Amino acid sequence: MIKAPDVNWLAIAPMMTLMIGAFVLLLLASFIRGRDRGLGTVVGIIALLASAGFAINLWSEPATTTMAGALQIDQLTQVVTVLIAGCGILTLLVAFGWNRMRENGAEFVALLLLIAAGMDLIAASNSFVTLFVALELFSLSLYVLCAFDGKSKASLESGFKYLVLGTIGSMVLVYGAAFLYGATGSFGFEAINTALSKAGSGDALVILGTVLVLIGLAFKIGVMPFHMWVADVYEGAPTSVTGFMSAATKIAAFVALARVLLDALPAMRDTWAPALIIIAVVTMILGNISALVQTNLKRMLAYASVGAAGFGLIAIIVGGAAGTRGLIFYLVAYAPMAIGAFAVISLHERDHKGIATLDSIRGWGFQRPVAAVSMVVFLLGFAGFPLTVGFIGKFVVLGSAVEGNYTWLGVVAVVASVISLGYLLRIMLAMFDRGAKSGVMMAAAPGIGSLNLAILLCLALVLIGGILPGLGLDWAADAAKSLAAGR
Amino acid sequence: MTELVWITLALPLVGVVMLAIFGNKLPARGAGLLASLIMLAAFGAATVALILLASKPEDQRQVTETAWTWLSAGDFRVGFDIWFDQLTALMLMVVTGVGFLIHVFSIGYMKGDSQERRFFAYMNMFVFSMLVLVVSGNLVQLLIGWGLVGLSSYLLIGFWHHKTSAVKAAKKAFIMNAIGDVGLAVGIFLIFVDLGTVSYSGVFASANTLSETQASIACLLLLVGALAKSAQIPLHTWLPDAMEGPTPVSALIHAATMVTAGVYLIARMNPLFFYAPKVLDLIVIIGVVGLLMAGAIAIVQTDIKRIIAFSTMSQIAYMFVGVGLSAYWAGIFHLFTHAFFKALLFMGAGLVIHALNGEQDTRNMGGMRKLMPKTYFCFIIGGLALTGIFPFSGGFSKDAILGAGLHVDSTIGWIAYVGGLLGALMTGIYTFRLIFLVFHRRMSPYAEKVAPPLIKHHGEGPSSMLWPVYILALGAAFLGLLQIPGVTHVMSSWLEPISPYGMVEATAGQEWLTTLIGSLVGVIGIIIAAHLYLRESEAPERIRLGRGRLIAHALERRCYWDNLYEWMFERPVQWAASFLNRDVDATAFRWLPTDGVGTITAFFGRSVVVLQNGIVRSYALVFAVGIAGFLLFLLVRGT
Amino acid sequence: MITISTLIAVPAIAAVVLLVVPFARQAAGYLALLVSLAVLGAVIGFIYRFEPVAGYQFADNVSWIEPLGVRWHVAVNGVSLAMIAVTALITTCALGFALWAKRDRSHASAALILMTEAFLFLVFAARDLFAFYVGFEGMLIPLLVLLVVWGGPGRKFATLQVIAYTAFGTLLMLLGILYLGLTAPDGPNFDMAAAIGRGGDWVFFAFAIAFAIKSPLFPLHGWVLPAYRESSPEVAAVLSGVASKAGAFAFLAVLVPLFPAQAAKYAWVFIALGTIGFLWGSLLAFRQRDGRGVVAYSSIAQMSFIVLGIFLLSDRGATGATFQMVNHALISAALFFVVGWLETQVGSGSFSQLGGLARRRPVLATVSIILGMAALAVPGSSVFASEFLIMLGAFEYHWWLGAIVSLGVVLAAMYMLRWISAILHDRESGLAGTLNPPDLKQGALLAILPLVLVLIGLSIAPAQLTDRVDTSAQELFSAAAKEAGR
Amino acid sequence: MSVGIPMFLGVSAILFTIGLIGVLLRRSPLTVLLSLEIMLNSVNLTLVAFSRQVGGSDGQVFALVVMGIAAAEVVVGLGLVVAMTRRSMVLDTDELRTLRG
Amino acid sequence: MDIVVFFVASVCAIASATAVVAQKNPFVSALALLGNLASLAALMLLLEAQFVAAAQIIVYAGAVMVMFLFVIAYVGPRGEIGPGVRKPWLVALSVFAALLIAVEIVVVVMGASLGTVATVDANYGSPAAIGEALVTDYLLAFEVVSVILFMAAVAGVVFGAGGRPVRLSDDQVLAKEGESAVERRREASRAALEAARDSTTGESAR
């Protein structure tokens, strides 16, 4: 008789809620026809809120493992769950007015919920197997979401590119995991860590595995030179999805990287740290430089997110309590800014009925002052100006670098940050270009209300987080304790 | 008594404020009247103060008072002080007295100018500044007065600011004076660093602690200030140009008061200069060279006011010689008489210019004697005083200086003596050349056309212009009697106490001898002038184009000082500024760190995104190269 | 009881209210002016309550971001109070000028100016490095928007240049702040008092570069010309008047006391740069073709001179520098108002389009001449007093330094005279001749007049200011001076 | 067992490379997807080989999981290809170049 | 014996993989992949992973490949249509990079000190053992894979939704790709149809 493993239902409730939400939604959608959009949004928000609620409920519980040790439910998981739920809700608000929501709204929301579940699973993953399936759950769904706008060839193109490259990335990750498995005999993070700290770090097989795993995850984060998909996919994907991707995917992938490098492979630090340093430096500088020459806003922000990912790597390189806290808070901080910025772009696309470029937004800021000012705040947040949450994020990450004697990386980050001002300011300048006659007709596009709500929510989060970040920092510090390095 | 000094000081300032605020509500004449009345009141206050001072016992004739601490930083404190002693009292008299007369004169002179109120406000401000300078009890306040008179002078020279030449002249004067201010300021710094104080009493008390080098450097720097303000070589080039200002301005500022501030400074700081004998010698030499040069240049000038301006420079050079020889009283005495006769000459010139509708070129004058007999008379008195003919005032004061040179009986003394006499000869020549050109000879066509109708209409001038001239003429004629060698010695004994180390005073015999020779030389000069200029003759022109052509050219170009400065400073500075601005700053500091970096980064950016060509397999290629590269790097590194 | 925190909060809150509540056009401007006047009144109250003794007064010190050890610690000493006062004054005048100039979207522009004021107050009052940084970089935000939305035709490049340039320095400083705050002996602590003497050379230079850029100190002045040329006059006034003072102030009140050893060791660097910058700016101001150019380069010169004064590490230097900061703030702000007035009336600030304006415009002429004369430090003016102190300090440092610096004064005379002449003198030419602008009056005059009056007041009794800041200034540099063996 | 595990690993590495070369060189989306399948398979072989080496069943289970996911991936990939065909897009990856720069 | 099987299977695997990559016609590539799968199954059998080998055949050959073939049939067995970007150095670099990766991995694995191969009992690799692992230790992975497959179904709905497929008319192709492309396409689709017919007949014959 096979004894099925114990399942701590409460602990997996956040993910379960999401998955069940997806099933229920599709089920309901097949009965209630023609109300895809409202139904999807309502169910989606309920599911996401419920998952966040469950996660918050679990906050004070001690860390546990469940599903036969496949999942590790700790505060990092909860923070990520809440974050992803927040991103999901905001994304739903942004997407609400989108045409495709009328046709395939249920599928869209279901996929989004599954992605969220996958991301939560990543945060909870305890072994490469869990990590891989979770990663694939969200990646595959994301490929679909990227290509969701079937009317747009760019969307399909982006989905296809993401799929091809993403699969290579996944394969590299699994390949690496296989080598680690071969060397240590296990896929579990803890077991690998134990085996490696005994064996030392000189084995070529382990190095091979480490590097491949690192590259696989680096691909998911989108750092140079594994970033080639980012710009195209961000540009081609529906804008609401892009926003979600830039925030949530980054969170998931970074948490995965942190789990793998800091929990499973701390012994291999000599191998991955130099690689990450090279990646971080190159990404920060070249990512921002690439953004500098863009005219398409989504593309520009895509490169910006590449640069930002490089910045986040600093925290992982530094590691330790400061680094992990910095990383988690940086991810927290980055999410509302990214979603907000893409929400504004989305709004502009609806006004303009076309893609957002530096030319198309010329003078637009005077027509939609609230959105434009919010955009300015988000962009200033990217640049790390004070009183935005981006500043605190930058502050803690740079702080960890300085504390961990990686000040020179901080200097690189500063240079990159200044370069980033080059394009961030160009967006602001274009929006508030008095001279230009904006060709935008302010047609009453549908669903603007929810979009505006999303923008204002993001704005509030960015500002509140920038002025009173104490609570968030506490959470980040607690969540960091879930990682071995954070303790 | 000190209250009266404060009142004297405050009155012109009140005038400025009233004119500035209510000026627009006053009738046109009112401004001049107000300003003049204020000057009269100030003069009255100053006179009473002088009398009160004189009535005190001799050892109590020096009063100081501090109104408030003006500036402080650590142990550096400067008060707003007055220092009232014999020298100050005398200067107050000159400034307010001559100032009052010139104000009155200005009422007539400026009549009809739409900017009268501004003019009188500036004039009052000048008087205030000058008073600040002379009553100061510390060097910083002196510097403030020093700078403010420069500012007033700038404003007044450029009073007719629609004239480009006037604006240029004003700027030139200001910059030259600024150089002097800086020299003076640095001198003050040095004194503070060495002595730890900037108040006169402190400096005088501790001057003996200075080494000769220290004292010399400090005095040299003070001298720089004095040279600039008093238009002495090498900082003299602004004075002739300053004649672009209205004539009363030239009379008040550029003859009677401001330009003599250098002399005042040296006399005032004599306890310090005592410890720098070499600097005193230098002052004498500068004075001698200056008086000769200025006198020589004055001979060839054609502009009536410029001739007087060079004369002023020359006369101040005499004063420098005087103070340089430690005959401070003589220097100040000459300052005193000069204020009268030079103001007189300027005002006379002003009357002529007025009568000729603003014409200043002597070649367009001539024969004015018949039209303007009163002016002519006064002018002759002024000319004789200037030439130093006994018994006019200038003679006594100048001969006191030369006599001091004789008394010193050293090389420097003899240089001063001989140079001074030679200067007296030139003075005679240029003064009477001027008089002959203006008042004698045949009337020029221009004058013939312009002057008679004007004179017919106005007379020689309104009484407000004539009376000051008369009064000044009286002063020019008789003030020398204050100090008749061996008879009266009001000046020397009054000023005796300001120099704790004693002053040089020639004996009566030496002075009489000098007076004799000086008057003789002056008369010779007049005769030469008469020979050359009384009648129209070819002689001057022959000399100018003949044997003396090099000298004449040099003199006409004012000994090339302006050209020298243009080539040495103005052009290099302008060139350097242009070069630095256009080439260095714009490229290295403005373009490179901003646009330059931007351009370079954007270039890199375009190179980087070339890879992003949209082809998925090339993306995969980058991916593959990345994998291969990192594997290679880390495997090689790790094993 | 009004505290320093309220002083910072009131303009900030007013700014937010103005941005959010849709006031009628003029009402917003007047409301902002009213707020700034109230703030100015409160500042005057502080000046009266201020005791000229050592140490900081009116401190507010509460925890802000607990996990980072960041506290909200604000307090003032003589130097910072002087800067706060001048900020309040100039902001009020700037708002008045903006009201006169009838800026479009007046509520937003007024709000942003008030926001700048709040950030500047924070910079001057912060005793916590984090709060200081927030103010120091935060003030770029409103200035940035002001430049972007209300700037001149070349504002695009100007904005990029200005913000990128200044942000670079600021971010370097952030690294330094992080180092100081996070390596504190007992957990993270960003209080300035806890950071004294703990930084190494690199931290020192990280701070110094930030301050040098903001000041601007030669050779990091590249952003000044575009910034001053493209921003609207009231913004340029705030920018050159007080925002740039944040840099110089920080040299004196943050860098020198926090890094006494380095300040003493590297004082010569700043003295050298200050000297070069003073001469450089003065020389180049001489070749500028418009009013803004002259003010910009004269600002470079003056700010370099102030930095020079600070690093003399002496009574004369520090007090003189503080005083000079106040003076230059007043003068450059007023000059920008004059230039701005000219631009609105004549349509150009280029010297070739101006001239002869003294005729029939006595007020303009008087104001311009007073300002010009103050700017070139005519003896007796308050600028003269402050420059005198700095030069005296320079002379005490070494006689040749005093001598070289003196040269700059002459150059200053040259360019300011050129400025005055170009506007006021000669015949009316160019656009000025065609348009025949009226005299300076009412609104614009009311914006300029307070500055001029304060300048005159300070000229009459500069000791009123120096006495109040002397002790504070001395306290700031004394540790460094001790290190330098002076 | 006479064939060493490294031999299997070597074969799988070669297969992986061949798959990669397919992605790098081929332009037909279908072939690209097939090449990806080769890569997946090679990874599976590695997993199974290591599983044998270690003696546990984890590797094999992982291989099964990979297989399942590969199936899903093929569904998505082919779905995309179908969708692209429906949008009259040219089935050539080099033609998918609207997103670039 | 093992060695022979190994080499045969390996060579088959590599050859069929090369065929997949090298063939112009996706139809042929897909069939070559079948060969590759089979060879791999053989190799897995050598590694005593019976269940995985079986699953390989069932899942891949049975399910995945069928899907492939359907789609290939649906979109038309077109090879590479457009002119493509032909840059020799790109090809050279691609091959070089891929080979470099291969060499690196091969060098590492060949030189790896793996130690002795574990001894395993008969149960190893059996469906029972794997099945137990799947529902105990790897329950989560198992469930998630099922969710993923569910998700794939949703994806099918998403991509399948919408109007009917639009085939390019010849005119459109002409406009897009130039004249020769039309011919090429016709040629290719004919060839593909031939091949499809061949393969189905071949299979039924076997």
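Think of it as A, B, C, D and E in the order they're written, each chain with its own count starting at 1.
Note that in this section a residue touches a chain if its C-beta (ideal position, glycine included) is under 8 Å from a C-beta of that chain, and two chains touch if they have at least 3 such contacts.
Worth saying up front: this structure is predicted, and the values here are computed from it rather than measured.
J.: Give me the chains shared as neighbours by chain B and chain E.
T.: A, D
J.: Going by CA means, which chain is nearest the middle of everything shown?
T.: Measuring from the global C-alpha mean, the nearest chain centre belongs to C.
J.: Measuring between mean CA coordinates, which chain is farthest from chain A?
T.: Using the mean of the C-alpha atoms as each chain's centre, the farthest one from chain A is B.
J.: What pair of chains is linked by the largest number of C-beta pairs in contact?
T.: Pair with the most C-beta pairs in contact: D-E.
J.: Farthest chain from chain E, going by mean C-alpha coordinates, please.
T.: That would be chain B.
J.: Using mean CA coordinates as chain centres, what's the gap between chain A and chain C in Å?
T.: Inter-chain centre distance comes to 42 Å.
J.: Would you kindly tell me how far, in whole Å, the mean C-alpha position of chain C lies from that of chain B?
T.: From the centre of chain B to the centre of chain C is 37 Å.
J.: Any idea how many Å lie between the Cα centroids of chain C and chain E?
T.: One centre to the other, that is 70 Å.
J.: Taking each chain's centre as the mean of its CA atoms, how far is chain A from chain D in angstrom?
T.: 26
J.: What parts of chain B, by residue number, touch at least two of the other chains?
T.: 598, 609, 612-617, 620-621, 624-625, 627, 631, 635
J.: Where in chain C do residues touch at least two different other chains?
T.: Within chain C, residues 160, 164 contact more than one other chain.
J.: Please output the residue numbers of chain A that touch at least 2 other chains, ranges allowed.
T.: In chain A, residues 129, 133, 136, 140, 144, 147, 150, 160-161, 164, 168, 182, 204, 207-208, 231-232, 294, 422 touch at least two other chains, as defined above.
J.: Which pairs of chains touch each other in this structure?
T.: A-B, A-C, A-D, A-E, B-C, B-D, B-E, D-E
J.: Would you mind writing out the residues of chain E in touch with chain B in their complex?
T.: Counting only chain E, the residues touching chain B are 85, 90, 93-94, 97-98, 100-101, 104-105, 108.
J.: Give the list of chain B residues in touch with chain E in this complex.
T.: The touching residues are 613, 615, 617-618, 621, 624-625, 627-628, 631-632, 635.
J.: Give every residue of chain D touching chain E within the complex, in rising order.
T.: On the chain D side, the touching residues are 1-3, 5-11, 13-22, 24-28, 30-31, 33-35, 37-38, 41, 44-45, 48-49, 51-58, 60-65, 67-76, 78-83, 85-88, 90-92, 94-95.
J.: Using the touch rule from the top, collect the residues of chain D that touch chain B in their complex.
T.: 20, 23-27, 32, 93-94, 96-101
J.: Chain D touches which residues of chain E in the complex?
T.: 2-3, 6, 10, 13-14, 17-18, 20-21, 23, 26, 29-30, 33, 36-37, 40, 43-44, 46-49, 51-52, 55-56, 59-60, 63-64, 67-68, 71-72, 74-75, 78-85, 91, 94-95, 97-99, 101-102, 105-106, 109-110, 112, 114, 117-120, 124-125, 129-130, 133-134, 137-138, 141-142, 145, 148-149, 151-153, 155-156, 158-160, 162-168, 172, 176-177
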